[in-house]
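First the structure, then my questions, so here it is.
Letters A, B, C and D mark the chains in the order given here, with residues in each chain numbered from 1 onward.
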Amino acid sequence: MSILQLENIVSGYGSMEVLHGVSLNIEDGKIIALLGPNGAGKTTLLRTIFGVVKPTQGQVLFKGSDISGTPPEKMTKKGICYVPQEGNIFPTLTVQENLEMGAFTREDDWRLRMEEIFEFFPSLTDRRKSSAGELSGGMRQMLAIGRALMVNPEVLLLDEPSTGLAPVLVDHIFERIAALNKQGVTVLLVEQNAQALSAADKAYIIEGGENKAEGSAEELRNNEEIGRLYLGR
Amino acid sequence: MKTSEPILSLRNVRKYFGGVKAVDGVSFDVYPNRITGLIGANGAGKTTTFNLITGFYKPDEGDILYKGERINGLSLHQTFHKGLCRTFQISRELKLMTVLENLMLVPPDQSGENLLKTWFMPGVVRREEIKNRDKALSILESVGLLHLKDEFAGNLSGGQKRLLELGRTMMAGAEMILFDEPGAGVNPTERKTLAARIRSLVDNQNITVLLIGHEMELVMDICNPIIVMDWGKKLAEGTPDEVANNPEVLEVYLGGSKK
Amino acid sequence: MLELLIYGIVLGSIIGLGSVGLTLIWGITDLFNCAHGDQITAGAYSALLFVTLFNKMGILKGIVGPFSFSWGVLVAFIPAILISVILAILIDRWVYKPLRKAGATSITGFIASIGVAWALRGTIYIIWGADFHFYNTGLRPTIILHNIGIKFRVDEIFIVIISWLSVAVVYLFLSKTKMGKALRALADNPTLAQVSGINTERMLIWAWGIAGLLIAISGVLYGIETQLRPEMGWIFLMPLFAAVILGGQGSITGALIGGLVLGIAQQMSTAFMAPSYKPAVAFIIMILVLIVRPRGILGRRYS
Amino acid sequence: MGLLNFFISFAVMATIYSIFVLGLNVQWGYTGLLNFGIAGFFAVGAYTSALFTMHMPTGALANYVTQAFGLGMPFLVGVIAAAIASGLVSILVGALTLRLGEGYLAIATLGIAESIRIFFNNESWLANGPQGLVGLPQPLHNLVSPQYYSYVYLVIVLIFLAVIYIAVEKGIRSPWGRVLRAIREDEIMANADGKNVVFFKMQSLVVGAMIMGIGGALYAHYSAAIQPGVFEALFGTFIIWTMLTLGGTGNNKGGILGAWIVWAIWSWSTYLIAKVVPASFATRAPFIRYVLIGVLLIVIIVRFPKGIMGEERQVSKF
């Protein structure tokens, strides 16, 4: 069953059209990777799903109902969360306050959830009261994901979580993403690096704002042309 | 391996920001006509090291020697005049100026930069401008941006901005170029072309390169030696093979899954 | 000298209170609001409107306790605050919101705020004229402490207490409440705030509302301390800017400290030079501090 | 005839303002320096030229007018001295403020301009304090009868405008201007390209300030009377910002156009307000202009963020 469906999305900024009709089908409980060169429109696609950018054509269906044009502040309530690539923490707020902001739309008690997140990313625990701006790159990324998890989302949109991290930390982040997925969270993962393929169940490749290829991670990895064009092989 | 005198040497360089030890006693040498790689996680102090070398910051301690001359404390524009040219992690371009103007700005000591000469010696200024324009045009042709020469630099794509950056370093007539993550935001295929161009700068124009990179395949491919930084300190230094098999580097940086 | 120090603390408290609203808006929207001073003037004059009205109606004319002002002034705080809050929110909706939508830079907003400042001051001139006005024309009682040889006005105790109380309330609001934290989050990273489900436009209404509240209080207090005239806020703006810059962008405690430093320095300077140089003193201190600490006393920023 | 005279004196002021706009355009339009202290350079220029060209008061007048000196020099010397004095002040201002961020620069210059005004107001020994100086000499005044003097002065200011316009254009379209624009776009990048950013910013500030000093001198000799009240921020600084923003930042032709449009609105509004507003309200009528210039500035900024004429794509000439 698909939890999130994109049908022929056209969107962009002002007069500049970035996506010229992209369709995705994201199945419940899977990790889907979205690959493609820089400037292909991957980030714009995430922003369009999340309502930061409004599509000029096409539909975003979440559990079958059209959510295109819903403003981003209402998305977290629906169960979709988004972790941008850059600027994904509040630097002068403490770690704990960052998580609290993730729970902004929750009206019930979120303290228990915060403890769960500290268990999930134990290295954050002793930095609770530090300003997020003082954290190292890896910890920032964990905090950013932690913030998004505060509302128990069903779908998590991640924009290049591995950027700028040491390879050893990249492994760790991917391992945590897999663990999340085991808990039932559907993940849409934008990446440039081929490593994302090994973490994903299925992948889409977009270029120039259009679908180029799709298939299981295995199929794409073994496709020579795709390896040469998009994975730098 | 050490065939000649180092062109650039860092001796126990330190830089603290408040309580944070951004660069904590780093020493290394860069030898001419090589591509030296500088790798490490975000926050390891690589970019700060660049900023110290090029004079964007002053080191709190230690010495930076360029061709045997102490250059710490010089400002960014002064190190440029010594022959050091740097690029930035996030492409910086002069957005509301054309691609051609971006390059024509670069040559040092243009006589037209003196306001009085623009009024009273227009002929000299004009001849120099034509010379610089022709040089800029030929560089644009060689990096494949000639068709965009009158476009605002801000309108270029990520990859094109990296090419403009490369053109800028060629225009500078520098002896040593410091690239800060030239591959960031460039897709793997374009990255290969970029690597080849950097390689050819070194081989054909006797330029020395110090390069910060995150993409292992790029760094391992073109850099030798490679310096690994972690938490403001130098962790290891050696050929790509030595670094890739260094147990400490494997543990804190590369991790088990990498070759 | 001690007397000048006390005057300095009084002036510093007023400057501190006035600059908290300014630094709040600067921190959250990146806008350096040049109309802040004239909004303070508007706040002071809105209270005057009601004080005059009460006097005409012959109500609330009694003087409050040991102070110089009437009950009417105290009551007039409420409508003045309301007017100031509404005005602040309307200015944001009509001027700064379109600029935000157009993606304009903070410098553009700064220039637009100059336009707002002139429009406001012109309106006040047209309605009330260029003359001085007073809330109450009666005596201004003073306290003389003979043993240490200083005297000050009873009103000044009121002014200092209300200023510090207002700043403390705002500080607690920002550090303890959910809404306050969301405002700080918005100051830190507007896009991420939106992504976290914070309705940024609604939060900006809150921000301008709080600024409007602080503006009205500082306007009326300033009016009690001195007198009302159309340029009062504009002249006051200079030390406010200096205090905010001294304190560092968006720092509430910084603005208060900056205000006190300036107030004391300005009053102390009158021992050495003509009082009309006070604004210049504020600037020289500001520039000197900026050369040593470019982000202000408490300013900090992370990449 | 009255209307023509009105137009000529309007044109003289619009031309003088065009000169200020060119000075601001060098600083803000091409270099990105936020100078909110134009009024300060305006005042320095006006007073310097006045002190250089006037004679020391003698006789009974000396009891009422105090000034530090009066050299009785020719008009042109006064103008040159004004440019130099304004330039020197700008070097001092620049040394203090150029290393600060752009927003700080704006507020620092605003404060410095206020301080300059307070200084002239307070220090009566220098230029007669709040009363200011009257009876400034007017060049070529005996060429025509007094009621036609504006015609002569219009020619003089137009010549100044033309020379300054050509000089600024030459500079901006050469590598010098390219460096300035590079600094405006990205200071760090310009620095990484080997340009001494502080030095070039200083040049831009000084060139702009000298032009403003000349504008101040031309104003002083035209009105023949100056007092500190003239150099308040509205008349001395913000109206000039409105002109440049309306006309088009980074475009000298646009800036001049903006100066003429805004000054037309400004001077016609006085005339209109005087006609429309009842006499009982006359003392408050001038303040309608405050509102007018304020609202105009907001509308311009919100509706035309780039002004009537934007910057050209290709500025450098080669």
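Simple rule for what comes next: a residue touches a chain if its C-beta (ideal position, glycine included) is under 8 Å from a C-beta of that chain, and two chains touch if they have at least 3 such contacts.
A quick note: this is a predicted structure, and the numbers were derived from the prediction, not measured.
K.L.:
Comparing B-D against A-C, which pair counts more contacting C-beta pairs?
P.N.:
B-D
K.L.:
Can you compute the centre-to-centre distance for subunit B and subunit C, using the mean CA position of each chain? Integer Å is fine.
P.N.:
Centre-to-centre distance between subunit B and subunit C: 48 Å.
K.L.:
Just the number, please: Cα centre separation of subunit B and subunit D in whole Å.
P.N.:
Inter-chain centre distance comes to 44 Å.
K.L.:
Would you kindly tell me how far, in whole Å, the mean C-alpha position of subunit D lies from that of subunit A?
P.N.:
Measuring from centre to centre gives 54 Å for this pair.
K.L.:
Which of the chains touch, listed as pairs?
P.N.:
Every touching chain pair, ordered by label, is A-B, A-C, B-D, C-D.
K.L.:
Give every residue of subunit D touching subunit B within the complex, in rising order.
P.N.:
Residues of subunit D touching subunit B: 167, 170-171, 174-176, 178-179, 181-182, 185-186, 188-197, 203, 207, 311, 313-316, 318.
K.L.:
So in the complex, the part of subunit D that touches subunit C is made up of which residues?
P.N.:
These residues of subunit D touch subunit C: 34, 96-97, 99-104, 106-108, 110-112, 114-115, 118-119, 121-122, 234, 238, 241, 245, 283-284, 287-298, 301-302, 305.
K.L.:
Spell out the residues on subunit C that touch subunit A in their complex, using ranges where they run on.
P.N.:
It comes out as residues 178, 181-182, 184-185, 187-189, 191-200, 300-303.
K.L.:
Which residues of subunit B touch subunit A in their complex?
P.N.:
Interface residues on subunit B, with respect to subunit A: 20, 40-43, 157-159, 185-192, 214, 216-217, 251-258.
K.L.:
Considering the complex alone, what residue numbers of subunit A touch subunit B?
P.N.:
Per the touch definition, subunit A meets subunit B at residues 36-39, 134, 136-138, 164-171, 192, 194, 228-233.
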